[in-house]
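Inspection log for the structure reproduced underneath, given as structure tokens.
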Amino acid sequence: MSRTLDLNIKHLTRVEGHGNIVVNIKDGRLERCELEIVEAPRFFEAMLKGRSFHETAIITSRICGICSLGHQIASLKATEEALGLEVSEQTVLLRKLLIDGATLQSNILHIYFLAAPDFFGTTDAFKLIPTNKDVVLRALRMKRLANDIGDIVSGRAVHPITPVPGGFTKLPDESELRAIRRRLVEEGLPDVEATVDTIASVLNSVPGFTRETEYISLSHPDEYALYDGDIFSSDTGAADVNNYREMTNEFVVPHSTSKHCKHARESYMVGALARWNNNHARLSESALRVAQRLNLEPRCYNPYMNTVAQVVECYHCIEDSIAIIDSLLERGIRNEKPNQTPTRFGRGIGATEVPRGILYHEYEYDRRGNIVSANCIIPTGQNLANIDHDMKKLVPEIIDQPKEIIAKQLEMLVRAYDPCISCSVHILNVEFIGG
Amino acid sequence: MSNHIRTGIEEPDRKMLELYYPEIAEITRTKQITELEKWFEIALPGNRDLNHQPGQFVQVSLFGFGEAPISVTSSPTKRGVFELCVRKVGTLTTAMHKLKPGDRIGIRGPFGHGFDLQKMEGKDILIIGGGIGIVPLRSLINTVIDRRSDFGRFIILYGAKTPGELLFKDELKSWREDPTIEYHVTVDQGTPDWDGNVGVITTLIPRLDLNLGNTIAAVVGPPIMYKFVLMALKSKRLPDENIYLSLERRMKCGVGKCGHCQINHSYVCQDGPVYHYPVIKQLPEAIQ
Amino acid sequence: MEKFNLSTSRLNALIKHLMTRGIVYAPHKNGEVSFSFDEVRDPGKVILNYNRTLQSIKKYFLPPREQLLSFSLKSGSLSKVEPENPLRIFLGVHSYDMQAVLRLDYNFSQGNPELNYLKRRQNSLFIGVSFEPDTYHFSRSVGIMVEEFDGFDLFLDKHSSGYTLYVVTQAGEELLSGFDHLEEAPDRPATHREFRNKIKYNFNRLSEVFDHAWDSSVWEEIAQRCVGCGTCNLVCPTCYCFDVEDDVNLSLADGSRYRSWDGCMLNSFAKVAGGENFRADLSDRQRHRVYRKFKYITDVTGEPWCVGCGRCTAYCTAGISIVETVNRLCEEYEQTVLRKPLAKQDWVL
Amino acid sequence: MKSDQIKPNKPKIAFFDFTSCEGCQLNKLNLENELPDILRHVELVEFREAMDDKADYYDIAFIEGSLSTPSCINRIHDIRRRSNILVALGACATIGGINSMKNLQPIETVRETVYGEEKYRFPTLPAIPVSAVVKVDYEIRGCPMSIPEFLRVLKALLMGKAPNLPDSAVCVECKLRENECLYDRGIVCLGPVTVGGCEAICPSFGQFCTGCRGLVPNPNKDAMLDILTQHGLSLEDAQKRFLLFNSYNIESKSIT
């Protein structure tokens, strides 16, 4: 069938940031099929120049409110490496707890508020209130729980306050930790089980599309890597974080204010599905059982299943938070001040898994502790090429469908990546000339 | 826990001390007198008299919107109900403009010092009102009218920005027509149908023929008016002791606690709002 | 006056005893170098050797934010909020803060006495403690000694080997009943503390200085350095100005009226509807604040309303010192009015 | 959706985002406990981040983000025309925020720094707050916007009154919370000149105030710079700290 079809979905809804889906098919030939990124660029690199290391994370966490905790952690790790600031075990534990909370929060937001309306055949989650009130209330409750972890440990969930280079400006009370642990057990676990049931019941609305690609994530021998680890590619294996530029290879494309990335193939995928594919062996028995119930195969090439992988991660984050709090309480919270006395001034790279995938920050500081150069590579930017290639494979497969169905499936595909477009255009990628 | 230990402060007499609890009063009549000003007639429970002096104010509460000091505009000679006139300028006053008869508001007061009627008895009375300043003065004016024989000559000077902003037009008419009142009105900017005086209120003063020793002036208006009116009265050689002014300041409590209305050592809500001019001269912050 | 010896090791026992009698509030560590009054839960955490607390005990009688009444928008009904007054024991209060409470008592009982304050204030007992004056303390200059007993029920005077516990009032004596670790103290010479007079004039002559200070250039000069943050008001134990505001619940059906601390240094403090600000300039606001401390009420009561705690100076980020301000005014007074330098005895108490 | 769900006279509320990190939008979704209550009072007609619907009249339009491209300017005019009350939300929309730091450098340099030779593809203007282009009725400040303040404003608007927003410094709330001042820990803080209303959340968590809520009315900038330099910052660092969120309001020259 030689169809002609022009699709232009402007300002895609229920994603973070501004993007358009553009498809042109002429006489059955796919001429154009891409995710246009029209978010206004914000030029963070220009803002960072000359800024003190006390301010770096404050600025870079504003790259994206959705991923602010992730940016902050990656930024702190890079700064600490550049300035030779050691952090305590307690700091690492608290940061891991924060990442669990932020991942849980973000995944819940995506699963229930951004993706679920598609599964339930509605336009937004608020419209589910009349028919599925308990589902909406559960979603709000889980989000609140996740955000409360952020509020307690970092002062607030959006643009966290307490994490600074070298540690925390204020430590949570043990009583607060105990209270949140109780809620994780009493509300969190039952709610995540119920979430699994809800998603299991709508699995048949997940399109059956597959496209094998390269999956890149952090990987750690002892744990399901979120805070730290080596870079791992499903095609080429492990690489040191120092090689992140060779793993990303950013380039500018005309249809996007955000740069694209590639590694071993024309594109690669990061995010929950990539982490699952690379690291599922490090998940607990019970998390693996959840995955099984949700038909998530150990190697899964269906990008729509990214949302399902996020559900499994929710389960993991709750379990892991409980374990972290237990070990914090066992050690007792020590009243440590942040270590902010640089032992050197140089270059540092911080890599962290944020909900949407692997995030890199790299800074170079001068002898006064001010930024000379900065670079930052964001998960959504890494996924953009992969989204384009997925769409190029998907469109011919569904070309005979009505236009609305094609549009819907494309929107769902983009949403499945949980793209954070606001983030993706805030690439930091410059060597400042002359320091 | 033992409570028998005697400490320095005795159990306060609570009836006297319920400073911040308004009484719920009912609006009985309203009238939109200009676009900005609305008039209210209000009844306290059991149509109890407010027992105020001309120049005193009440704290009006509209729950959820706050509280504001508003002068009582009716004369104490009016029994059973009292009147307010409110200019729409902000949160509470805007909300008040939406009220209608039957609606309820909170009232505390009356508070402050009003005009000293005893000192005014037997004297010639000179009223100088600018803009919304006529609102508290109206209480005094109507008292004088109702007790006309207790006072001497009665001169009213009233100025507004435009003819449209003149308040209580019906009453203005009756003042003009009353042979016992010398009534002069002026506007800053005239309109085609305005055939009266044009000019600021101070322009009315030089023409006055006053019995200086026997005239008491009551002046209320916007802050900027005072300086010029006082200068004009000075050049008329009206003694300072014969002048009373009412001052406006921000107020939160009305009972001398919150500190907002303080002018030097004086609390406007307690010592004012009506001040004897010689007192004001001791308060450098009063008139700038 | 009865007095007893109390060794430092007995202190916890005393606190435990007090805790059986009422709610005990005492200084605790707050942050890295600061202290604050908090309810005592663990006597071991009480710190009696402190310079000053961030806020004075005023916060217990005039809370930073206080519900005055609650209302229902729908029915127009109103309910009163009754302040609680359990027996409260304030342990480790410095004399200037006690004096500040006595001044607030005056503010809230004269004119229109206020139930909310007086009710809270009612069941309170005070146990003073002596302190070593630091650079910011100048209470002596406003007539308040370290061992000023007025207002206290008991007083702990620290010396090298423990405390002397003075029983000041009957209530104080009753408070000790059942505590039998006390032994009569021998007469010992009072502890000598270095506490220089920091204000040049005796406090009872300041009113005279302030009679001539209105047009001083000092106000403009400090206004240049001041950022108008209001800290000096908000930490002062004798500042009592407040703001009142209604707040409604999200249901939009009912709400409450609250009052909260305000300060005359803040920009809109004297602003009225229509935008007129009667103290728009920082110099006017500074002058008003200092006149309130040394002139306006003082002329009526004879006492400075500044108690010399030093908080406004210690916590001013701009380093504006009330002692320096007053001394500058004293010097100006000397030069322009007295036209002769100050005699030494004028400023030694 | 069932038609009985929306009462016809509920105010229509919309949220729009411009150049920003969308943290403020997220913060609204973080009102988990309050959302059901809020949705009882209002009809949410546009919220791209969470829903698909669009509308053409708004009783209250909340605007997040600063304006930084030519198309932003047209869009904001369009929204203003269709809104009864327009509320700017968050640092980007109210004061330019972090975005406006880029204004300190020539725009060409900025674009070249990021996109190199490809810079001409991506038009950009200085980042400006919403009030620089259209009339803004109310402003909810903060980065991210303060949730309690958002609720205050929303409640006030639903009651038909103007929200009463503070114009005094962050120090006020910091003192009400009896925090140890960061200056006493040797840390400099912009609280003394920054508009409060945030409940001094950063100092309460031990972190200095970054100035994200903008400057108080008539700020004494020179005195603040003196404070910063007396407490250990070089003049240059003090100026930079000042400009972190307030580059739009303080062109660098006015504080040198």
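In this document, chain identifiers A, B, C and D correspond to the written order of the chains, with residue numbering beginning at 1 in each.
Rule of thumb we're sticking to: a residue touches a chain if its C-beta (ideal position, glycine included) is under 8 Å from a C-beta of that chain, and two chains touch if they have at least 3 such contacts.
Everything numeric in this text was worked out from a predicted model, so none of it was measured.
Applying the touch definition from the top, give me the chains sitting in contact with each of chain B and chain D.
C
By mean C-alpha position, what chain is farthest away from chain B?
Farthest by centroid: A.
Quick one: most central chain, C-alpha centroids?
Smallest centre-to-centre distance to the global C-alpha mean: chain D.
Nearest whole angstrom, what separates the Cα centre of chain B from the Cα centre of chain C?
37
Between chain A and chain D, what's the gap in Å when you average each chain's C-alpha atoms?
Centres of chain A and chain D (C-alpha means) sit 25 Å apart.
If you average the Cα atoms of chain A and of chain C to get two centres, how far apart are those centres in Å?
Spacing between the chain centres: roughly 52 Å.
I'd like to verify one number: the distance from the centre of chain A to the centre of chain B, where each centre is the average of its C-alpha atoms, in whole angstrom.
The mean C-alpha positions of chain A and chain B differ by 65 Å.
Going by the touch rule set out above, which residues of chain A reach two or more other chains?
none
Could you tell me which residues belong to chain D and also touch two or more other chains?
Answer for chain D, listing residues that touch two or more other chains: 159, 164.
Counting only residues that touch at least two other chains, what does the list for chain B look like?
64-65, 90 - these are the residues of chain B that touch more than one other chain.
Give every touching pair of chains, nothing left out.
A-D, B-C, B-D, C-D
With touch defined as at the start, can you tell me which chain B residues reach chain D in the complex?
Going through chain B, the ones touching chain D are 64-65, 90-91, 94-95, 98.
For the complex, give me every residue of chain D touching chain B.
Per the stated touch rule, the residues are 159-162, 164.
Show which residues of chain A lie in contact with chain D when the two form their complex.
Residue list for chain A touching chain D: 11, 13-17, 39-43, 45-47, 50-52, 55, 58-59, 62-66, 68, 109, 113-114, 117, 122-127, 129-130, 137, 140-141, 143-144, 147, 154-159, 161-162, 164, 168-170, 252, 254, 257, 422, 427, 429-430, 432.
Using the touch definition up top, name the residues of chain D that touch chain C in the complex.
Touch residues, chain D against chain C: 34, 37-38, 41, 151-152, 155, 158-159, 164, 167-169, 171-172, 175-181, 183-185, 189, 191-193, 216-220, 222-224, 226-227, 230-231.
What does chain C use to touch chain B in their complex?
The touching residues are 21-23, 68-69, 71-73, 76, 78, 80, 86-87, 105, 107-108, 111-116, 118-119, 121-125, 151, 153, 169-171, 174-175, 214, 240-246, 248, 255, 257, 259, 262, 264, 269-274, 276, 278-279, 284, 288, 291-292, 295-297, 299-300.
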